[in-house]
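Chains here go by letter, A, B, C, D, E and F, matching the order in which they are written, and residues are numbered from 1 within each.
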Amino acid sequence: MNEKYVPTGISGVDEILAGKGIPKGHSILVSGGPGSGKTTFAIQFLYIGATKHNESGIYVTLDEEPNDIKKNMQKYGWDLTKLEEEKKLKFINVSPVRIAPSETGLIQIGMKEFRLIKLLEAIKQGIKEVNAKRVVVDPITIFTLQYPNDIERIYAMRDLLRDLRQLDTTNIMISELKGTGWEREHQFEEYLTQGVILLRTFLNNGRITRVFQAEKMRGLPIDNQPRPYDISSSGIEVYHEAVVYK
Amino acid sequence: MNEKYVPTGISGVDEILAGKGIPKGHSILVSGGPGSGKTTFAIQFLYIGATKHNESGIYVTLDEEPNDIKKNMQKYGWDLTKLEEEKKLKFINVSPVRIAPSETGLIQIGMKEFRLIKLLEAIKQGIKEVNAKRVVVDPITIFTLQYPNDIERIYAMRDLLRDLRQLDTTNIMISELKGTGWEREHQFEEYLTQGVILLRTFLNNGRITRVFQAEKMRGLPIDNQPRPYDISSSGIEVYHEAVVYK
Amino acid sequence: MNEKYVPTGISGVDEILAGKGIPKGHSILVSGGPGSGKTTFAIQFLYIGATKHNESGIYVTLDEEPNDIKKNMQKYGWDLTKLEEEKKLKFINVSPVRIAPSETGLIQIGMKEFRLIKLLEAIKQGIKEVNAKRVVVDPITIFTLQYPNDIERIYAMRDLLRDLRQLDTTNIMISELKGTGWEREHQFEEYLTQGVILLRTFLNNGRITRVFQAEKMRGLPIDNQPRPYDISSSGIEVYHEAVVYK
Amino acid sequence: MNEKYVPTGISGVDEILAGKGIPKGHSILVSGGPGSGKTTFAIQFLYIGATKHNESGIYVTLDEEPNDIKKNMQKYGWDLTKLEEEKKLKFINVSPVRIAPSETGLIQIGMKEFRLIKLLEAIKQGIKEVNAKRVVVDPITIFTLQYPNDIERIYAMRDLLRDLRQLDTTNIMISELKGTGWEREHQFEEYLTQGVILLRTFLNNGRITRVFQAEKMRGLPIDNQPRPYDISSSGIEVYHEAVVYK
Amino acid sequence: MNEKYVPTGISGVDEILAGKGIPKGHSILVSGGPGSGKTTFAIQFLYIGATKHNESGIYVTLDEEPNDIKKNMQKYGWDLTKLEEEKKLKFINVSPVRIAPSETGLIQIGMKEFRLIKLLEAIKQGIKEVNAKRVVVDPITIFTLQYPNDIERIYAMRDLLRDLRQLDTTNIMISELKGTGWEREHQFEEYLTQGVILLRTFLNNGRITRVFQAEKMRGLPIDNQPRPYDISSSGIEVYHEAVVYK
Amino acid sequence: MNEKYVPTGISGVDEILAGKGIPKGHSILVSGGPGSGKTTFAIQFLYIGATKHNESGIYVTLDEEPNDIKKNMQKYGWDLTKLEEEKKLKFINVSPVRIAPSETGLIQIGMKEFRLIKLLEAIKQGIKEVNAKRVVVDPITIFTLQYPNDIERIYAMRDLLRDLRQLDTTNIMISELKGTGWEREHQFEEYLTQGVILLRTFLNNGRITRVFQAEKMRGLPIDNQPRPYDISSSGIEVYHEAVVYK
């Protein structure tokens, strides 16, 4: 295994990433619409890391509850609870909880404002507990939206990324696409992260087509063409040699 | 009956939802334009639950008056008053009422501001009274619009969804689509709910076509293609095998 | 005559409304651009009510002066003054008047701000004077624009509609379309009223075509296809069987 | 001459206006882009009134100086100075003048803010001086822009129109189109005035085409089709039988 | 030479302007995107005035430094320094200079705010020094942007134009186009100036084409069709008989 | 070597820039989307300067850390560390650092606000240390975003450019494109800098194509046509004779 790259193990993705994966230590953005499989992509990244590459991972959720994520992932046959028991996976719930009965195995931050310091402390503690090499934050949108304007959001995001950079983990930041069109405004996060993967749907010859695109991956000569993908019973599958538009 | 899924019973819909229905305990968004049949869809969901699956339901209205909803639904031959008498259906009117002569059988909140706590208390009391398993909130837009900015709206919506999650009911949140185009901005609710169904109309070969689309349904491998639907004398009918664009 | 529906009597319109008309007691929105015939539509609704169905009506104007409306309608051969004399029609001018020499037969509210209470009092008094069954408010835009933000406008509009609902009249709210395109943002009034009729113009094969569309009519299975219409010497005529786009 | 209508006398325009012209006493909006001939249209309306129908007119300018207007109109061979001397035409300059050396024959209001009362006084005095039957205000945009928000602008415009209505003159309000597209947002003035004429340019088969359209004219069955027009050496000429798009 | 018109002398431009040029004493807007040749157009206008028509000119720069302009114009073989020495051309730098070491031959206003009075004084002094007949202000955008809202900007621009009108010079105001599309919002300056020339680029049959368009020129029957142009080694050349779109 | 121009040495670029390069002393904007190769372009400009033209350079980073940039550039075989040791290249990190353990060879400004003076001091000191002739600032967006409105941003950017102009270096300002469409709003920086190069991607015949365009280059007759480019193992390569759209 090449030490400088972290293979995603997701069907077709590493082929697009120069046959290698994500450069080790980088933070990449996975951005998509509702139902595009962002969470599936991220869990799959952690699951394969834990089961095939002996790399532990943490999943920092700012929205959905860990139990719901685990239940929804059952359809792929991934036993996440077992991974938790083996200390190969850890869910960290930093979403706001008003009444705060803490659950076992979950770090909870019982307040609405969980600005940078709180989020980083939760991540660092989680990494230490399972010796994590892979980190997911889902969705980063909830974090940045707390800041009152663009420049504050940019600084907060950059500070987060800079601190994560010190930890030497490889990180996926999930973001929510604002609109459905091919032409769009870039999100500022696309400029700050070291890689960008887009999961979108377009109407193509009368049918909705799921379209994967590696927009950016610093340090790697990637394939930036749009490629069709599916969400099958074994998770995300990217058809890295297929063409979307004919 | 599969205990993990709640069949909608609406023609063509469960077929699209992997042959199963809505995952039990989930909150899904039903979003559409004026006249798209959102209320019909939601009432049909409760009516079928009450008459075919022995599951009671509550209908929380933030806009239209219960008596008007009942009258408008008569064209489908659904006897909602009978269901109310049998304690299988309950309307809860949480729309603002300036002068507040309460009607029998209706919980009324006589004030313009009915923020989270009030709404939740009304829902919980309604669920307890009829032992409801199915909940409709129509429209959620009125609730979120009270908050002054996006981050407040997101937190309020998430808190509502999180509390509903504890109640183990299966919930439909009705939302009002902002525009008429195929390309559009996503509503933040689409990211927070566990499923999204879109009821839209498009001009297609010179005719208005009603288009149903299951955009997202966590935990289920759904058909996300656009499908034509009608509002007939028996309610919503989705042609789950038909193609919209040829 | 079916007691549950109020026929508009306008050529082609009742055919589109399930052969019946507007459900009695409902408020519907008639929305169109400049020169689309909104006022003609509304006056025709009152004129036919008064002359064919023995139902009196009131016309609440927030913009144009009653005398101008009457003069402009002369081209259709409708003798509105006679109807006024017979107490079958009443104009109520609630537009702001700085110097207030009241005219006979007109209720005048001599101030710029005529918020909900004032508007409702004027409507109620007008209804009482002629025992009106049909009400027109033209344009509702002037009323809602007084409120400082969306949520206030929504509440004001809903309160107005709710109070009108108690009066059991059948009401047309005229609204001004913001833009000219087929794809557009919905107006919030479209969600609050019980029916929506759109009067628009589109460039179609090099010619401007007038297009009627019943977007929504609660309680009725309507034809929601776009249909061509004209403004002829006898008023609005909708070609309910014709196709706009071929 | 039909007393109820004021013929514009502009080639092709009265034909489009049901063969008659503008209903007497009405205010119509003439809206167009830069270089569309709005001023030419308005001056032509006054010139023909004065020379062919013995109706005096006033030209209220909020932007360009009267001397410049007169000079620019020389290309059409219209001797406006002679009309001024014959008391058949009067220019009224209500544009802001910081240092106020008044010119002979011109009413000047030497301040930046010339709200409703000032504008009306200037108009009334001008009408009295030449016994005017036709009035032009150019551009109305400068007047309404002084008010801080939409509702204030609407009230100011309506108050102006209402007062003009009392004077029984026939009025042209010139407005500046915001954009160049066929699809556009309506200006609120289009709803308030009793008629709307659009003077636009579109790229049509590789050439810029000037397009005249009578969008609205209360009380008259008009031709609302787009028609080509030119600005020739004799002023505006509308080809009322020609088709723009083939 | 016709005394009422100022020929630009730029290849193809006077042909488009009715064979004459810019009406003497008028201010026209030259608006274009980055790299469209706005400065070249304006300098060429002054250069030809000075060398062919014995008319001196001043170039008021609000952005670029005079030395840079002179250097950039060398590629056209125009010796601007010689013209300066002959008192036929004068650069006036009114851009903000924090530390203000004044250069010989340049009037400098060493402050960030150079509102109307300052700008006018600089222009008047410059005109007096070289007895200028032609004036360029580049770009006017910097001047108007200082004002906090639209109505203030409109008044400031109009006051500037009105004062320039008194000086009887012929003036080019350079403005920066906001966007790249054919359909666009008009800039308010287009309504205030007496002429508008657009310098744009469009993608046409796979190639970028430079497109000249005389949108407006008061007092002149102009050709308003889009015409291709180039920036060659002798400056701007407009192909006044060529067609852009075929 | 022509002393008045600074060759970029990047394959195909100097050919497009009239066979010469960037005019010496000018500041040009290089603007592109995420993953478009902006940093590669700028580093290549410095690398070729240092290795082929004996011109030292500085790279002022407002976002990414120097070590990351160096690592990402390894794929091109450029030994930047060696250049640093030879005093031919210097990285200057002016991005905000909260905890400030300074690294050897790096100037660090440990505060969030690094307005004009700070940025200029850092640049000047860097230029002095390595006697730099080429300067890169990446991205300029972070600098201008600190200012609260457009006019402040314009002034700040112009002051920066004006001071850089005194230093006689040739400068690349990297900016982040806001959107993905061909039609777009111009950034104000495009008007202030002396040259603009756009690095974009478009969907062309079903494939993403990278498109280079020299939009503006003062003082040079450039080729402004869109040209395809690649990011290969030797950096940016522009196919200056190829056509993007056929």
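The rule is short, and it goes like this: a contact is a pair of C-beta atoms (placed from the backbone, for glycine too) under 8 Å apart; a residue touches a chain by one contact, two chains touch by 3 or more.
Since the model is a prediction, treat every value here as computed from it, not as a measurement.
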item: Contact distance in steps, from chain B to chain F; value: 2
item: Any chain in contact with chain A as well as chain D; value: none
item: Fraction-based call for chain C against chain B, same above half, different below; value: different
item: Fitted rotation between chain A and its twin chain F in degrees, CA, nearest 5; value: 60
item: Length of the line joining the C-alpha centres of chain D and chain E, rounded to whole Å; value: 30
item: Chain B and chain E: spacing of chain centres that average the CA atoms, whole Å; value: 61
item: Touching two or more other chains - residue numbers and ranges from chain C; value: none
item: Touch-based graph of the chains, sorted into line, ring, star, complete or other; value: ring
item: Residues of chain B that touch chain C when the two form their complex; value: 33-35, 63, 65, 68, 71-72, 74-75, 95-98, 112, 139, 141-142, 145-146, 176-181, 201, 203, 205-208, 231-233
item: Chain E partner contacts - residues on chain F that touch it in the complex; value: 150-151, 154-155, 158-159, 162, 165, 182-186, 190-192, 194, 196, 213, 215-221, 224-226, 243-246
